[in-house]
Every structure is written in C-alpha cells, then in structure tokens.
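Questions regarding the structure given below will be posed in turn.
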Amino acid sequence: MSVLQIGEKTLQSRLLLGTGKYRTPEEQVEAVEASGTGVLTFAVRRIPLDNAREETFQGLDLARYEMLPNTAGADTAEEALRTARLAREAGLCDMIKVEVIGCSETLLPDPVETIKATRMLVEDGFTVLTYTSDDVVLAKRVQEAGCHAVMPAAAPIGSGLGIVNPYNLKQIIAQAQVPVIVDAGIGTPSHAAQAMEMGADGVLLNSAVAGAGDPEKMAEAMKAAVTAGRLAFESGPIPPRDTAFASSPQTGVSRPS
Amino acid sequence: MSVLQIGEKTLQSRLLLGTGKYRTPEEQVEAVEASGTGVLTFAVRRIPLDNAREETFQGLDLARYEMLPNTAGADTAEEALRTARLAREAGLCDMIKVEVIGCSETLLPDPVETIKATRMLVEDGFTVLTYTSDDVVLAKRVQEAGCHAVMPAAAPIGSGLGIVNPYNLKQIIAQAQVPVIVDAGIGTPSHAAQAMEMGADGVLLNSAVAGAGDPEKMAEAMKAAVTAGRLAFESGPIPPRDTAFASSPQTGVSRPS
Amino acid sequence: MSVLQIGEKTLQSRLLLGTGKYRTPEEQVEAVEASGTGVLTFAVRRIPLDNAREETFQGLDLARYEMLPNTAGADTAEEALRTARLAREAGLCDMIKVEVIGCSETLLPDPVETIKATRMLVEDGFTVLTYTSDDVVLAKRVQEAGCHAVMPAAAPIGSGLGIVNPYNLKQIIAQAQVPVIVDAGIGTPSHAAQAMEMGADGVLLNSAVAGAGDPEKMAEAMKAAVTAGRLAFESGPIPPRDTAFASSPQTGVSRPS
Amino acid sequence: MSVLQIGEKTLQSRLLLGTGKYRTPEEQVEAVEASGTGVLTFAVRRIPLDNAREETFQGLDLARYEMLPNTAGADTAEEALRTARLAREAGLCDMIKVEVIGCSETLLPDPVETIKATRMLVEDGFTVLTYTSDDVVLAKRVQEAGCHAVMPAAAPIGSGLGIVNPYNLKQIIAQAQVPVIVDAGIGTPSHAAQAMEMGADGVLLNSAVAGAGDPEKMAEAMKAAVTAGRLAFESGPIPPRDTAFASSPQTGVSRPS
C-alpha cells in the first residue's frame, strides 16, 4: 500500500485521528495506538497552550505523531490565522487544518472565509489541510488558494451518516490536484472503506471512534477498514450490475441424471 | 473476535470464498490464501467428481479447508438432494449449500423448492447452509426446516450492488436462530464490512474477488473488511444523526482575543 | 391515460384505497372521494358480515366502487379460502386479495401458503390479486398459480419507507404477465409516483392516506401523484446521468463583450 | 394550495419552466401550456435580444408569463451584472436568475462569485433568484446578500438524479428566510414531488421536460407532481418507520372458526 504525501510530510497511515473526545485519557491512548494513525488532530482552542503536552495528550508519546491542530472556533479567516499562529508559536505544529464554520446547526464550513483563510495560511508558511463541504467548486477553489490537502465532509460532523453524496465526492477526487482526506460524517468502518474505495487518499475520524462503546476496538476496526478500502481501490473492483451474473454455471460436466 | 459455529463446524474465519471463477489456478491459490478463509465453496456440477481435487483445486492444500459444495444447477429439491449425495459420495463434504434457483435473470432462489430441499438434506444428515433471497419469511421458513445457517442474498449473484435492502437484512438477523451468512451481491469491502456491522455472522464472496483486477489484493482487502465490520459490531458504533454533533468545541480555554 | 384491466374488471383509476383506518366515517368518505379510486379494500375479518355496508362503509355509495376484501388474519391457504368464501357469500365481492402473513413483525407474506392460497382461490372462481413481498421468484410463482394481479410490497405495511428495493420491483414488472399493483410501504406521493414511473400498473394505499394529518388532502395528493407517475412512464423520462448536461449553452449569440 | 410570493411577484404555479431545449417551437408551446407554469426561464446569452420574442418564444403568448432570464455564461459577478442589464434593457425582465458556473464538468456554481453577483444585482434593483449548489452555508450567504429566492441544485444540471442529498436540502429549507426553488437535477415527477413534500416552495424544470420522449405529457405529469407534493406537505404525511404497522387487524370480529 502506497504512502500518503501531504506537502512535505510523508505519512505511513491513511487514517488521521481526532483527540479530545474520549471518556478517559487511557481510552484515548488505547484508541490512538490501535488505530495505527500517524496524525493526531485537536482544536487549538480546546487546549491550554502552555502545557498542552501534559494534559491533553496524557500518556501519548508525541514524538511518534504529526500534530494537526484545527482552527475550530474561528468565524473568519483572520481568526483562523491568529489561531494557527498561536499553535505554531506553542511549538505544536507546522501543519494546520483550516476549519471556519459557517452554520452552527450543521457545522458546515463558510465558503468565502474558508478560501480566504486557506490563502492566508499558505502564504504564512503553513502546510494547510482545508476542511470543506462536499461542494465540488469549493474544493477546487481551496486548491487554487494553495492548500496541500482538501478535506471534504462526507456528512455533517458527528452525524455518522457516511458518504451522503457520492457523486460530489467522486468529482472532487477526479478533479483533485492534492490529496483528498474525507473528513466528518464517517460513522462506521464501511463508510471509511467506501471513501477509500472511491479513491480518497485518507480519512479523518473522531466521533466514530471516541464515541463508540469500545473505542480501542473501533479504532482497530477503522484501521482495518482503511486498509481494506485502499487495497480494493488499488486492486480494481468489479463494476456493479443491475442484475445477476452467474458465479456457478447452470449446467456442468457432472450433471446428475 | 469470536469464532463462527455452523452445526458442528467451528470456523476461524468469517469469510467464505468461492472457487472456480479465477483466470488461472495460480490466481485462485493466491486469493484463497490472502483471504484467510477456512471454507471453500464450489458447484458440484462444475467439477469432475472423480478427480476433483487435482483439477479444480490445483495447488491448494485441501486439508486446510472445509469444503462447501453447492447444488447450483438443481431446479427442484429432488435434484438438489441428488447433487448433494453425489458430492458426499465423492468424499467432498458433509456440509452442503442449498441453492435452487427460481429465476434465470436474477438467479434468485425458488422459495418452495428451497424450503423443501433444506428439509430433505437436513433429514439426510447434511450440515445445511441455505441460500435465500432477502425475503424475511423465507429466511424464517428454512430455519424451521432445520438449516444450520441461512444465506440471504444482499443482491443478485455477481451484481456487486451490495446490501440493497438493509431493512430486510436487519430483520433476518434479528430473528435468526442460526448463523446468517450474507451471500451474493457483495462487490466491495465496504459492502462486506456493512454486512458484518449489521450483525451478520459471515459473508460468502466469489465474483467480487475472482473478478477483481488483482484478486489476491482484493482477497486481502476483503479479509480486512470482514474483520473491520465484525470488530465494529462488537464495539458498538455511534448512532447516525440527521445533523451535526460538534467534535471540536466552538469556544475554548485559549480563545485568542 | 390508459385504463387498468384486472381479470374481467376494467378500472378507471390506478389507485386502490384501503378502508377502516380513518378517525371518523366522515374522514373516510372525504378521502375516498378525493382519491378518485374505483376500488375499496378492507379486511373481511374486521367487518361484521351481516351489516357490513351500513357500519363499515357509512356514507359511501358502494354502487360506485369495486370491493376488494383481503384475507388478512389467515395463517394458511385453507383459512384464506374460508375467509374469501365468507366474503363472497355475504355478497361483498368476486375479487379477493390474498394476504397470508408469515411474520408478525414485518407483516410480510408467507411464500408457500401465499402460492397455495392463490391456486385455491383461482380454482374457486375468484378474481385473485395476491399480496407478495418484493421477492422476484415469489411474484413469478403466484402468477403461475393463476393470480389476476400481483401486489408486491414496496416495504413493510404501514412503514411508509417507499420502494426499498427498486431492482426487485423493476424485475417483477419486467417479468409480469398480469398487472402489478404496488402494495404496502408507500408513505408519500413521491413514492407512489416512483412506482408508476417504473411501470407499475397501480398502487394500493391505506396508512399513507388514513394516517395523514389531513386525509382528504393527502388522498387528492395521491391521486395527482399516480397520474403524474403514469404520465411520466408513458412519456419517456430522460435517463439519469452521473454528471451535468448543460441546459443553457455556455456560449451564445449575444455574449456581452 | 397557497400561492408563491417571490419579491413582489405573486405566482399561481409552483413550477418554473425552462425554454430553449425543445426539438421544435410547437413542442415548446405544448409543454409550456401543459405545465401550467407562470414563469419561463431562458439564458440571456442564447437569445438574440433584438427580436427575442419572435424567435425564441415563437407561438407563446408572453403576456401570460413572468420572464426569468438567467446569467448562464457569466464566469464572474461583473459578467453576470452585465448580462442581467442587457436583459433588462431589452425589456425582458425585472427578475433575474443568478447563475455563475464554477465547474464545467458539473455545472455547479462558484460560491464566491455567486454571492457577489447576488449582492450586486440586488443593489441594482433586480428581483434576484440565485442558483446555488446544495451547500447549506452558501444558501445562507446568498440570502444574507439579499436574494429574493434561493435555488439549490438537487443534483447537477441535466443529470436527472433527483435529490441526492436530502439532509442538505432539509437544512436549507429549515433555515430559509425566502422561498426555496429546487433547481437542476430533477428527472422525474417523483423527484419533483419529493422536493415539494420536503417543503420546497417550487421547482424549476428544463431537461426533464424538454428531453422527455413526449414533452407535453411530461409537462402535464410534472404539473400534477408539484401539486401532489405540495398537497402532501400541507396535509402532513405519516412518519416513516423501520418496520410494519398493521393496516388490517390480525384478529377480528368475524373470525371464521
């Protein structure tokens, strides 16, 4: 299975994992390890920046992970930039996930501020991964603004609905010039596998793992699903057909008489 | 991950794999091994019963697998019985998959003959796995007829459409007294994972693996997907919601001012 | 719009309507009239056969409708026959809807008893409309047993889920030798229209109308939807495409400069 | 059925119809009349502005219709403004449909230019209906920019896929402060009915009618479907349920013994 390259980062795993929603620090450590992820995401605004490493990531060996803070809480491009700089100054990252929400009900992104924030953060030297809706043109515009990966939502954050609009996702992947990481809305391994089968370069998970009854086991499941989907994409699945195509011949050499 | 018990058989893998559709014997061996399956299926009518082991399963160490012949080609319960006995007499099995097709267009089973064949083969001492449509009552009736596992179609054989009617499959699983093996219609790992997430006990694959561009890689993908789906079922996924549920707090301790 | 012929009956409307679930007799009369239906269905077991006309159909001019009693409550073909004969002896009908339920959870039909009941009622001289699941082979077998129309469920009775498995319904319609009336599971006009667009000959409605907030208005809506769907079927819809096909030219004669 | 108010226009029909794609002028006249529409749309760039009325709308009594030209062909807000002014100067309209395409493959709109064009045209005194994707935040932003109606795509123009993302459409409708006209992607009456059942205020059709085998009949079908969907919305449909809810009682007063 090929590796994933985002900007100058080379990632061994195609699964990116959120932090901060687990019931206990122990559950978080177990899930992170079971997932095999190489990238941890978190909201800059959630963590105390002076001692982030101790409290938020308790028990995790951070040397083993790339950190991907997001700008959640920012309503404008300017706020996103300030948030990103805070994280960088705290030594947390040079990667940033642009997340500028435009609707508190769906937590879907604001298109104008998202494009603008992407441009500003790229110019400021960050490796930028931009959270978008599944809007095909928005995904295109953030790439024109220079992002290093585009992160379309499969469905609203935390909804667990899976890929609601496969036509849009297919178009985004077909037109992409940078890696496509499906972000938000994935609820189960079959959703993650489907995204990868369609040719996504990776998935970002948070609620689906942290909110599961057994996060460690679900993290293991998601790891297997991402592998499954990627291998399937690489191996060339059969095309779907409206009706049957016999596996077993209806007549044969040893037909009993 | 718990093991699968069908009648008196204990199976380490929840993936059952068809044979006979590969481009070469080498591809078949590679796919079988990559899948991790413990059960090989084949059509009794396809193979020359006197030297089945050499020609049909060339290169496979049959001692490592349970054999699950099917009665494909039988139009009636009586023909299914004759087919099954031929297989048993050739020393191929004591398990049998009842497959009595009722429609050449969809290859969906005939309900009346399928129920009858199940009853006859159970009485004849076979361990019986019965192929059904996703009809909830048919699945119930074949269990009343004594089958050791019920094998509902996700979609027509070879269609690769995945689980077309999740409501029916959910009901079949909820009402089942024996293992449910989803058979037919699975095209990709996400379909296999979805079946397992819903609580199916296993999946049977054939076209999806044999017809893939790289069958060995697809077999590996399917193995991972079945594992992913089963683990997810055991770990308790988040319930889907119509709208968003924030992963990252919209306000936080270090809000920039 | 062409008329619908079932056995020797010629029906002006392609909408069949259930009775007996309305909040008041007045609501029932209003809904029946707004629907434009020519066929009323009811459960033989629900009505007192000695004075059915007065109590159950209060306010309706029964001379204007064909009556289609159903055998709901019968668990076997023999019970269905007895129920049908009771209805005929009470002068209620010579049409009968075979309904032999096989699962109390889903109210889906028993395949074996349904086929048998169909055969028995046909031989007994009834015009037989048979309720089936969307199982393709079951729909075929009841036609071989002589039914005058086949009535596949779109989804479980009262579920309002619409056409869960369009592949099966498409096959049933393609293979049908008698009219196909989609029965059960329709919740909204769009479901009814979809069934008709696919080529169904009619729809039977009950809960969707009787359970609506305003049954009269919903009956009017359903009447329009059935007409819409039938006209669309007859007029030849555009085939769906995965991506865009321009309505407005992207360049034109009066391009501003 | 209530009337539709857009800006200062009161419309008797909730169906808006495109022009310019019919095989002959006669087909166009027949379809327009059968549809019952009160609003005709067309691309400003398609028609010769000096004698638009004679050539493009041959045979139609334009006094009976509101004209809704669109700005298709414009790549920027500035171009959209110029196009709209041309149409106004030619005496064609005071309503305009903002259409600024951002992707030639999907014909989905450019979010930034669409918002900007909306603002400019509102300031210029037009009654503005804005074509958007089904992006929830984009629909919100064009309303903040002052549009008089928002026109989300169900699916790509001409695709006939119907409402691909009902979650988004539901949110757009729930949050709307102006009428929501579902535009693009509708292929059949059931799609139109579904949009109206969900609470859309109207639908705009073009390819689905003009491209049908019999456009006049399809126009009549669509008229009925829009009525059906609106009546259903007003009458309060039953909520969908995962499993059955008996229409006919399973026991009854006249149970045969």
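Should a chain be cited, it is by its letter among A, B, C and D, assigned in written order, with residues numbered from 1 in that chain.
Operating definition for what follows: contacts are C-beta pairs under 8 Å (C-beta built on N, C-alpha and C of every residue); 3 or more make two chains touch, one makes a residue touch a chain.
For reference, the UniProt names are A, B, C, D = Thiazole synthase.
Owing to the predicted nature of the structure, the values given are computational and were not obtained by experimental measurement.
Peer 1: So which chain is the furthest away from chain C, centre to centre on CA atoms?
Peer 2: A
Peer 1: Nearest 5 degrees is plenty: how much rotation brings the CA atoms of chain A onto those of chain B?
Peer 2: Copies differ by a rotation of 180 degrees.
Peer 1: Check A-C against A-D and say which one is joined by more contacting C-beta pairs.
Peer 2: More contacting C-beta pairs are found at A-D.
Peer 1: Calculate how many whole Å lie between the centre of chain A and the centre of chain B, each centre taken as the average of the chain's C-alpha atoms.
Peer 2: Their C-alpha centroids are separated by 31 Å.
Peer 1: Roughly how far is chain A from chain D, going centre to centre by Cα mean, in whole Å?
Peer 2: 34
Peer 1: With centres defined as the mean C-alpha position, give me the chain A-chain C separation in Å.
Peer 2: 46
Peer 1: At least two other chains touched by the same residue of chain C: list those residues.
Peer 2: Expected reply: 105-106, 108, 156, 159, 161, 167, 171, 242-243.
Peer 1: Which residues, counting only chain B, touch chain A once they are in their complex?
Peer 2: Result: residues 18, 20-21, 42-49, 70, 72-73, 79, 82-83, 86, 99, 101, 104-108, 156-162, 184, 187-191, 193-194, 197, 206-208, 211-218, 220-225, 227-232, 234-256 of chain B touch chain A.
Peer 1: Which of the residues in chain B end up touching chain C in this complex?
Peer 2: These residues of chain B touch chain C: 102-103, 105-106, 108-112, 115, 133-138, 140-141, 155-156, 159, 161, 164-165, 167-168, 171, 174-175.
Peer 1: If we count contacts the way the header does, which residues on chain A are in touch with chain C in the complex?
Peer 2: Touch residues, chain A against chain C: 167, 170-171, 242-243.
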